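Have a look at the structure that comes next, please.
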């Protein structure tokens, strides 16, 4: 399966065409093709995972910084198959980053290319490159997509364009899978843009209403603006890496210093702009909350688990380039980490003031993406990918939960139509709770492990500032998730519909995802380290990326922070709505409450200053800033383009250029008019003119010749 | 005899013919003036032919003959046209014939 | 089969003309006879095209094949030279392909005033002119076919056009004539300074070294004017929107799909190989104008309220990309230009077809009055969406391969061209793609999405019927196939481009 | 020698005066008669230049046929008998000036070109040699040998003019 990984994207591509042409006529209106194809793809992905796991770790990569590694591979001396540790001999390769130099045999990527086309003397190839990262992504994407398909059969039941929706879902999954398996940057661009197209089609699914198509267009244009950077990046790296699109080659050349530093920086910045656009990082994140206009399964699939993480995947895939360009190993500050950090904070703050459940989740996704980008920025490669892996599950779970809730109350507005739903929708409540707790990062669940590793990574790699940002982010995340859960499931039901538990096709995916949200974390738990082992690959070994396994102290710190956040958020609601808080009899809240009271005086200033200010001024300011300034700028650019288009068209095009052309025409006509007076129609006058001219000519001839 | 005698005479007749064509209002008179011009040309032809000696003289005369025949054809058609103008306008005054005015 | 080889090109060029002459004899009344004859002519030509494609030796795609060399006008040493190589073959086949589809499309789509006989004859004459231009290897022969194309298009716009068709037709005619006047001057200058011959092959060999650089610049200037107006490049483009808005659908399709390519083809076939030094000197100017064209075209589109005028301005932007590709004078650039030409021909041809059908149903192309096309005619709406996506250069569709290699080439142009300048062009062109996405989706949103305006809410809008299906499906399939397998075309043009650029010896 | 010059002078004066009268007379018929005078004197000049056949043709065709045709033309277009007022149009002076200007240029050119060239003297040759050399016989031979094609073309032209004149002047 590793060799012909290209089967998986083609599978969904074929299902797209089948649904498009035959979907309408099938009893399930194309849903069964979609689910069948995705099911098969998921199975194949599992096979790929299994094949990858028990693939012998043969390739040996010298562990150290890029400068003194001369680049061509060591020949494989017969390391014992399978077990990785015992017979590693320590090679004293001095490494500035203080990493212990040792030859770690890893699994080599399986690459299979075919020539796509040739221009001049350059042969452009397309093909698949499968390594740990790809396998993990394959597994996640196909699983989430499958669950979303199952979910949408019921959720979208009776929709006017049911078949078209499933066709678009298949096409989208093809795009993501194509990006994930592709071995060349150009082919990755194909997957990247295909996803952009599908997100446009899916966000604008109900395009009868104008704001939906506006949201779709905004999403497409913002990501497209980012793609300008991506295009420039790909082109720069193509030429800098000696006219090749091949990712492995580019990484190799970047790490062995074969690419000039300026070209590398330009390429990396270009790619990162593309990532900012696609993964909704700080300046270009405004489209993601608006993209909630699309149906919820779309939000779950695209705007939580797959498309938005494509940017993070790209950074991880081309990590050699970023590592060298931004000198991540050296600690301190670098653009990726800064952008990631900023996104974490502002998005988390914004999540506070949202009333729409999907908007809260959207801002939380932006914030979590910020986390992953920050992780990659601080050099915690495995942590970032692990967080991506776990986040896909619990965020997918939360979105589907929100879908199930809205399906019941026919609205997304938490304040107006929700509240007290735990009584009516037990399974959705339990799964949603698991999801939010996992997101907050409490001990046994997935979020805890991945977020914790990021904090550890930040600390160890010399990025203390970002560790702090991570902790504050965790605090805020826990707080707004508690608020969201509280508003949705606790208190009295404020809506006027009569909510009931969603039918089986909706609850099954919720339960499956809940299980994953719990279990996924264990994959990289201290003793296991399985995830790290799977995703270990050449690039970050060559670059000398340090992976730091679990440490107790930071874990304790983050847990305390998260618990405090939940308590404060709960306390906050309790305090402000005194009567309502008292009436709530809930074990978790009471224990959090008693914990808080005895530290109350110590923290009064802290909550007053930070929580108060964060919840009050800054959030609203951030929101205002976000809506007015950034959105304002985006709209202003649109309007300015329109107006300058009008102006240039009316003045330059019509007046000047066309004017000159018409002017020539009228000039000729005018001159013609003058000449007309000579045509008197009297033959003799013509004769007179003729002879007169003839004689003058003769005279001229005589005198001059 | 100087050849110029004949050539200058031809030039005089030619100029008078041109005057006649330009100044006369009556269609027939204009045709007559054209005849004058043609005769001037004939004189030149014959005179220059004679200047060239025997073969030239013959050529001159042959061409003069051709000019005369053409003049005859021309007058025939010219008068037919003048007749038509007369029939349409009851007058041969060329000034009125300016349909082609721009 | 040998005799067929050397007569193939002459057949390809003159079969439509012969049938057009035959159609003159057929009385105007029985229209079906005219339609069948026209269809027969285009299909026969297309069959010849397929034959040429089959017997074309792809290995030697840089040499001229199917050569025909017969005396024509001896006094000026201009010979009846025909030949086709990697660059002209795709354009030739595209021209035949589009003509077949246009005849099929106009089976029952004849514009007012209803005169299928004259209309079809004009299409056939157009086809002769276009095919001839692509295969002519002699400057005078090239010029003759270049002008033959002008007249039928003038009548098509002038007779069957929209309200201001006179103004548009005359403007189109005079503009192109002005260009070709300067072009013929340059041809003559080439003739006299290049050793008394009009054959392109000989001129390429001999002209480069024995024309001093200053005259080369002036000659190239004349050629530039002639071809730039046809492309159209930035300052000379004002005839295009008028011509397109007033031309009937079939006219717009042919104008957009093929006629615009004569200009760019002229650059690649004549201007650049014969005058390399001048090309090197002019390249930054062409690049600059191309890039300005991209942005200007995009801004123009944003300011339009008429769908067809918007598409016309979008082709100004697209040809900007093609010209940027040419301006880089590298393998990537010229390959991108040729691919861009074919792709733009297909995509904009399709856009005009759809616009034409929308005009047939709604009798207006005012975007403010249109809306909800996806509700009333879903298939046509989706095809419009597909073409808009292809037009904005979505990877996976043909449009992308016209733009991306051009941007790639702009990163590192041929030696002697300033890299910094071309890299700024590259960034601007990349921005152009965003603007392209902007105005195309904006158009798509206003025309296809949303709900139909009350004016047309209950109007019986028929979805596509068979002539549209038959005419459109091949083009859509080709756009998709070329998008996924660009090797089909790059393999063909690569050799010929290398040959065309041999006088530069530029890697790029 | 002097006799020839004398005869030439007389004929020239007659021709010029008659020509002037043709273009200035008020009576159309007088103009035709003056034309006869001009043609006669020109015919005589041909004799002076030893082109008898031409002189004969001149008198026969020009005066005999063409002037008669003019008279018919005058008769058919029935101008008022006697003196007619205003036979010249308003651009008389312009015409006069052009005529004079033209004459000036022509005479200057002729004097410049043919200053004092004399015509070859003919007295030396006897009569037979003269006629054989440039007389009617020689002209006849020339027409039917070297100038056969133009002769045929002119005949066709005459036919065409004939048909044309008939068609034009036909009365429906």
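Letters A, B, C and D mark the chains in the order given here, with residues in each chain numbered from 1 onward.
Here, a residue touches a chain if its C-beta (ideal position, glycine included) is under 8 Å from a C-beta of that chain, and two chains touch if they have at least 3 such contacts.
All values reported here derive from a predicted model rather than from experimental measurement.
*Asks:* Kindly list the shared contact partners of chain B and chain D, in label order.
*Replies:* Common neighbours, chain B/chain D: A.
*Asks:* May I ask which two chains are joined by the most contacting C-beta pairs?
*Replies:* Chains B-D share more contact pairs than any other pair.
*Asks:* In whole angstrom, what separates the CA-based centres of chain A and chain C?
*Replies:* Distance between chain centres: 39 Å.
*Asks:* Please tell me the distance, in whole Å, between the geometric centres of chain A and chain D computed from their C-alpha atoms.
*Replies:* A distance of 104 Å separates the two centres.
*Asks:* So how far apart, in whole Å, are chain B and chain C when each is placed at the average of its C-alpha atoms?
*Replies:* 60
*Asks:* Please report how many Å separate the Cα centroid of chain C from that of chain D, as a whole number.
*Replies:* Computed value for the inter-centroid distance: 67 Å.
*Asks:* Touching two or more other chains, which residues of chain D qualify?
*Replies:* 89, 91, 94-95, 98, 102 - these are the residues of chain D that touch more than one other chain.
*Asks:* In chain B, which residues are in touch with two or more of the other chains?
*Replies:* Residues 18, 21-22, 94-95.
*Asks:* Which pairs of chains touch each other in this structure?
*Replies:* All chain pairs meeting the touch criterion are A-B, A-C, A-D, B-D.
*Asks:* Quick one: which bits of chain B touch chain D in the complex? Just the residue numbers, please.
*Replies:* 1-9, 11-29, 31-33, 35-36, 39, 42-43, 46-47, 49-51, 53-54, 57-62, 64-66, 68-77, 79-84, 86, 92, 94-95
*Asks:* So in the complex, the part of chain C that touches chain A is made up of which residues?
*Replies:* Touch list, chain C to chain A: 170-171, 174-175, 235, 238-239, 296, 298-304, 330-332, 335, 372, 374-375, 389, 394-396, 400, 404-405, 407-408, 411-412, 426-427, 430-431, 433-435, 437-438, 441-442, 445, 449-451, 485-487, 490-491, 494, 497-498, 507-508.
*Asks:* Please give the residue numbers of chain A that touch chain C in the complex, ascending.
*Replies:* 115-122, 186, 189-190, 192-194, 197, 200, 204, 207-208, 210, 213-214, 217, 220-221, 224-225, 227-228, 231-232, 235-236, 238-239, 638, 641-642, 644-646, 648-650, 653, 657-658, 661, 665
*Asks:* Can you list the chain D residues touching chain B in their complex?
*Replies:* Interface residues on chain D, with respect to chain B: 1, 4-5, 8, 12, 15-16, 19-20, 22-23, 28, 31-32, 35, 38-39, 42, 45-46, 48-51, 53-54, 57-58, 61-62, 65-66, 69-70, 72-74, 76-77, 79, 84, 86-92, 94-96, 98-100, 102-103, 106-107, 110-111, 114-120, 133-134, 138-139, 142-143, 147, 150, 154, 157-158, 160-162, 164-166, 168-169.
*Asks:* Show me the residue ranges of chain D that touch chain A in the complex, using the header's touch definition.
*Replies:* Per the stated touch rule, the residues are 89, 91, 94-95, 98, 101-102, 105, 108-109, 112.
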